[in-house]
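Please go over the structures that come below.
In the two complexes that follow, chain A is the common piece, with chain B as its partner first and chain C second.
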Partner chain A sequence: MSDPVMMMPKRMVELEVDGQTVKVFEGETILDACNKVEIDTPTLCFGETLQPKNACRVCVVEVEGARVLQPSCSRKAEAGMKVHTNSERVRASRRMVLELLASSVDLSTTSVAPEYLEAYEARPEKFGPQAPPDTHRDHHRAGHSAVTDGQLAATVYQGIKIDNELYTRDYSKCILCYKCVDACGEQWQNTFAISVAGRGFDARISTEFVVPLPESACVYCGNCIQVCPTGALMFKSEHDLREEGEWREEEQTVTTTICTYCGVGCNLELHVQDNSIVKVTSPPDHSITHGNLCIKGRFGFQHAQARDGAKK
Partner chain B sequence: MDIKLLNVAPTEDEKEAVDLLLGPALSGWDGGERDALTDTRVAEGGHESREDRHLLLPVLWAVQDRIGYISAPALAYISKRMTIAPAEVYGVASFYMMLATEPTPPRVLHVCEDIACKCLGSDDLIATLQERFGPEGAVSADGRSTWHRSPCLGQCDRGPAVLMMEAGLEPFTRTYAPASTATALAVLSEEEGVAGTEPSEPYQLGDPSLRLLRRIGVIDPLSLDDYRAKGGYDALRAAVSLGPAGVIREIKDSRLMGRGGAAFPTGVKWEAVAQQPARPKFLICNADESEPGTFKDRVIMEGDPCSLVESMTIAGYAMGVENGFIYLRGEYPEAERALQSAIDQAYDRGLLGDDIMGEGFTFDLEIRRGAGAYICGEETAIFNSIEGYRGEPRSKPPFPVEKGVFQKPTAINNVETLINVLDVIRRSGPGYAETGTTGSTGMKLFCLSGNIERPGVYEVPFGGTLRELIDLAGGVPDGREIQAVLLGGAAGSFVRPDELDIELSFEAVREAKTTLGSGVVMVFDDTVNMHGILQRIAQFFRNESCGQCVPCRVGTVRQQEALARLASGKPRGGVETELELIAEIGGCMRDASICGLGQAASSAVESAIDRLGVFKEGAR
Partner chain C sequence: MANEIIQAGLANMAFIEHSTENFENYKAHVAEYTLERAEELTGVPAEAIREVAHAYAKADRAMISWTLGITEHHTGVDNVLSLISLALVCGHVGRYGSGLNPLRGQNNVQGGGDMGAIPNRLPGFQDIENDHAAREKFSKAYGVPIRDRYGWHLTQMFHGMETGELKYCYIIGENPAQSDADSTRVRKLLGGLDFLVVQDIFATKTAELADVILPGSASWCESNGTVTNSERRVQRVRKALDPPGEAMDDQWILAELAKRLGFAWDYPTSEDIWNELRSLSPMHTGMSYARLEELGGIQWPCPEDGHPGSPRLHERLWADPVQGMLATFVPVHDRPPFEATDAEFPIRLTTGRRLESYNTGVQTEKFTSPLHVGEFLELCPEDMERMNLEDGEIVRVSSRRGAVESPVRTDVRLRPGLGFMTYHFPDQVDVNVLTIDAVDEKSGTAEFKACAIKVEKLAEGEQTMTAYADRELVAGD
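Presenting the complex of A and B:
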């Protein structure tokens, strides 16, 4: 959310990151400081338009004097802090976080995954062959788990949910970054159609009693798709093209235009492949809409073209 | 907010359970009768009902207690009454082990499968239940009963333990410990006359050196008069004559350290809360006691409940706090009944509420029942749980003294910590500090369990040795040898039999790289299969992780898998490789997890590997 208007000029704090002195505004995070001196920091649950949930822990850094590593995306910079982003301790935790995720989640459409996994020399295969999908996953009892012989690495794999014509939910790809929940709920959409349910390894994004989206409160604004970093939430059009092996991102063009359905005038980014719109995003850095749209801007393109298979 | 609800009405019973707690619905807007004329002009509910969000867990309990599970229509009705989206209500309900969201019989027997009970035969009990009643979750022929495995029920001094929860018009929950197979089966089949447990009596009963336990087994816990006849409420009177600042000074002088596990100085916490300008402020007693092997708080609450009410009243007075909660784990029905009686009597006598003892200060106190989640003992998770959210820890800073429950300044203390306040007032701060060691003043309660002659709660001054404590409890039965001792619970660490001369004080155990944690001393003799114990500890953390952060959510699972491979003799790439893997996972959990659960989830396992050498060549 945008900061309230500040009447006083913001004060600066000076800290040290990997030996370099950095000045940032009071209230900015260690991540902001890292960005300022161009130190690459992996992030997954951080979203520029959302309050950080700091759940993934891939962005951790070492702060001298702190007992444990700190999430750079949400820990505020403090004057005199000495931060290390590349110590063995930091690298080991980041690597393990990536290995834990890659061994339990399908990261095939997480765009940053290959780069991160390589940079940290992650070897998710060390946990052994992956367990097959569990169709009962949405119904596990909290606080219970079956005894395991450990020979298969547990995964979050389950069937993909296709229950409407607009977007698909493949929670086998979900890293539980909470961004969709926050976008749907109090931070943006105020619809609260989805929540985290269950707990521990069984925690999952769900509607009430796992009802299909059309029976839920969902208004198909697609603001959850916009923030999802993994492709767990995906335009049906993109999903279908990928299934057909026809998704060719490198060939796509992106055209920015203004939505004409109402007077608000939201910015749209139309992703076009083979002369047809395949998905719609909205610029997250827009000062008014922050990447959010409504069903008309997000999915109304289906009226502008008769894409193969598009029904209405 | 868009609320879209199922168009299925709740049953009369479900509706009544909700309405009894929330009061009748006011209009069609919040689930009541629709009045076409008024309801189309004025919308009620909304903001006001959302301010009541903290009632969500009590409402979910009301339905659980009445029906045995929370059905979709009941959940939709709750959602409507409270103006909370159904997905959120479902997210909260499905977080807790004791709340069911799938059809479940009204009677559920929770059977402890945790480590102390393992030493006392719970594996056999579970095997027999599986054979004679049916597998976990199987429903009896009359559809009324089922059973489930449960983490530690806080009855480790008399395991194996079971807990029967019966839903209905008059819901009833009762503990049976120790539970023979015959008892468990009789309870499952609703046989009459199976006696529940009585409050534990300390073996030190009558010992004049007792301070914290001195009234337990001596007074009638349900009688405030009895409590007062044995010195009860003298401390509150003394506190009032000291004045709020005086009380805090005594607490600081006493150097009382928190007994909930983190050993934080209580006086510092209280002073910080007292100085906060924001209003209102809150006091929470952390009575979630779910660390496996811990049952000291239960013994206090069952045996001397008024002392907790008095301590909290003093704390409230000292910090200028007018509202207190006791966050009590749902598995403690006997403690809940005792505390509720203590609170009710205190209100009747003007010892709670407005103008206490005519001294012009106010303190209100209520119990909040947890619903089966170890993580809800973590202080910030408690806040979320009380507020009606999922019991996920928050990130710190901000710290509770500044922004705690309802984002207001909050002091949160363990039961045992609070009870010590009475002793501080009685002896003065410096007088209190004469007992114990420099860094650990006063008396300490230890929970002895496992293979020990006289399991139970023991009260000793800080500074004795582990050996003396084990001897006090009669040592290991049948002349067997100690294999290992678990200090501090599942989040603590194992020590070897040649380390028993370790001094029991916060500073000495820190030096020895172990912990007192919540005061658990669990003894394992040489017949115990440590692989089984470690696997259960690993499973405990897997089951209890809130699931918020990756290191803990997935790390606990990978740790459990690696231990299972080692225990079954099928390590991947050799034992050494597996041990390295466990250390790597542990490092990340300790370093990168959000809260203490993940940070300590590998502690006992790694100590078993490093200190006990459990997976060394030739070890069992």
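Presenting the complex of A and C:
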């Protein structure tokens, strides 16, 4: 909760983005400046409730006088800056990032992927056909990966993990944005059930010693699902409906209400299809919990639809 | 802590002199509670108490938050009063980031009270007995005279059932047959009523005792309205689902009931009902549905349109001069739990909650959480060893009121002589058969947090409960 007494007055800085003059508060980023003048900027690892991770590099822009491209999500706007978001250098860099991701990661449930790939004319197929699935990826040890001949595009496939009834983990869809790790760790939940294991192309999100979730420290708050941009982390209910071909997002309604379980007053967005709750999210911009919930708020809805229709 | 803070010269004397009264009495009263005495009474090391006291007193901003561990004692009100005094000693009230914050256990405990669902208040926290003008206002608006006497709280109602003064009961969305202390007695009393109506979303154990069950709606997702959270913030709940089968919106049920009793209520919308409330409760007057929507909730008091709401109460204590009454120090004495442990019942049982579950499990047993492990009596390693118990073993747990079978397991967080259970799985282990209905005279709250029990190994062939290892642990099976 912000408090008027605690808020310090902020200075404005003026910069130029694609020739337009923009004023933002001191401390705001180039991305904030772009949003202010409605310049669409692709982002994947950026999370509005998380500190910038600079992991995906898809939001890079060119800043005059800077040697390398700058991640707009974290680079603070400075007075007098001249920013270019659509130069050939920026477009080539964004295209490369998208091609590398799309060739190695299953982006089928990344909602923004088709739009980005088209906008930057990305051709992930140029790296060749995808290599056959590597089912041991989860157990790769440093230095043990075989060097490929370059004819096939390696992928991050490792098989979906379904070890509980609440949510699934399909790291074949993971772009390593670190948002789940940050939400689980010190930025929100302080549970530290997951982290990045391995390095280089072997890097993947893992529980300690790859144990199943029920044996890990996980408390099933689902705040990792909330921030996951690719659908690698997914409600089991959504996963099952997709498997059955019954996931119909266009028919779903989203209703904001208040969690029934305690006095905090967390806001819930109930995603409803055929009069059933199929997913629960929380508005990231609400001051009470900033998109975070606990296990009961995230998954404790089933009682509402587990009632017998007819009673005396 | 308060005594240590005062003795160490860390009390906020400027605040105490400006905003409080009765400090000298309080100071003299707490003088007997030295760190050593506190260690003796609580088992918490004196040095730890000293460290917390100094940290609390020296903090720029400090908040005390609590839940039922403070209030579910026969000294619940005294416990809260002592926290208030502690905050007053340091001036940690009425400022940003400071204060006293009882965390509500349900989404609308605060709102229920604010709406008059407590025996001594009209909606908007207006006193039934002493506020004549408020009574007049409500009598006029409702078209029926409001009587100038307090109603009964829950404990008094059960007493009324015992004496035969209370013969009929209409229960909405509560499961006292499993949630109240000494449940054998509670079930007998509910079963002995002349007429019991239960309106709920499930056929609970309480509903099984009813003459009439009215299937209601899950108000948080099948109905429109408002709830008020711990920080007094009123927020909108919205209907996302149609209730199943013959279940109806609670507002419709009440309006229909009124109609059949001869009152034409015309099935008001939730916004109509809210607007009536706004016209009668000054602290809600400025909260239109449109403003609640726009601002993402508003904290009362919000007396007029355009008022931003009140994030903090008690700011008046910092005004110069203080607006309204001074804050009073109320000295209280340490009083041990009502039921002492003794040779026959040597273990103190305290009850509480676990993260993934909720009260009697009516709602939470329906989701297949990996964290659901069923009910256990938890004991410290020393007690487990002393009684020669193994994790998962089924034992008999008894108090002076009844006995249950329960699996037992080790919890290193407990200390010798202290056991922990929840009542999330009452169909497996009916924990409230054990608890005591010793109540705080002022609040009517029962002492769920302390009763005396004994733990016995079962003889061959005595066991009736199935061990968890042999069965699915997921609740609801």
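Rule of thumb we're sticking to: the second predicted complex is superposed on the first by the 296 of 312 C-alpha atoms of A that agree within 3 Å, B and C clash if a C-alpha of one lies under 4 Å from a C-alpha of the other, contacts with A are read in each partner's own complex, and residues count from 1 in each chain.
We take it that a residue touches a chain if its C-beta (ideal position, glycine included) is under 8 Å from a C-beta of that chain, and two chains touch if they have at least 3 such contacts.
Keep in mind the model is a prediction, meaning the values are calculated, not measured.
Once the complexes are laid over each other on chain A, chain B and chain C both fit without any clash. In the superposed model, the angle subtended at the C-alpha centre of chain A by the C-alpha centres of chain B and chain C comes to 110 degrees, rounded to the nearest 10. In the superposed model, A:Gln51 makes contact with neither chain B nor chain C.
Legend: residue contacts after superposition of the two complexes on their common chain; A:Val60 is shown touching chain B, with no touch to chain C.
By the touch criterion stated above, A:Thr257 is placed in contact with chain C alone, chain B being left untouched.
By the touch criterion defined above, A:His303 lies against chain C but remains apart from chain B after alignment on the C-alpha atoms of chain A. When the two complexes are overlaid on their common chain A, residue A:Gly128 makes contact with chain B while staying clear of chain C.
Contacts of A:Asp202 after superposition: chain B is touched, whereas chain C is not reached.
Touch criterion met: A:Val219 reaches chain B and chain C at once.
Figure legend note: chain B and chain C, brought together by superposition on chain A, show a least Cα distance of 5 Å. Contacts of chain A with chain B, set against its contacts with chain C after fitting on chain A, overlap at residues 219. Touching chain C in their complex are the following residues of chain A: 1, 3, 5-6, 164-166, 213-214, 218-220, 253, 255-265, 267, 270, 272, 275-277, 286-288, 294-296, 299-312.
Within the complex formed with chain B, the chain A residues making contact are 53-58, 60, 68-69, 71, 74, 89, 92-93, 96-97, 100-101, 103-104, 126-128, 139, 141-145, 147-151, 153-154, 175-176, 185, 190-203, 206-209, 211, 215-217, 219. Within the complex, the chain B residues that touch chain A are 1-4, 6, 72, 75-76, 79, 85-91, 94-97, 99-102, 148-149, 151, 372-373, 375, 390, 395, 535, 539, 542-551, 553-558, 560-565, 568, 570, 572, 581, 584-585, 587-588, 590-594, 599. Taken in their complex, chain C has these residues touching chain A: 96-97, 103-107, 109-110, 201-203, 213, 215, 218-222, 227, 229-231, 233, 235-242, 244-247, 296-297, 311, 355-356, 358, 362-371.
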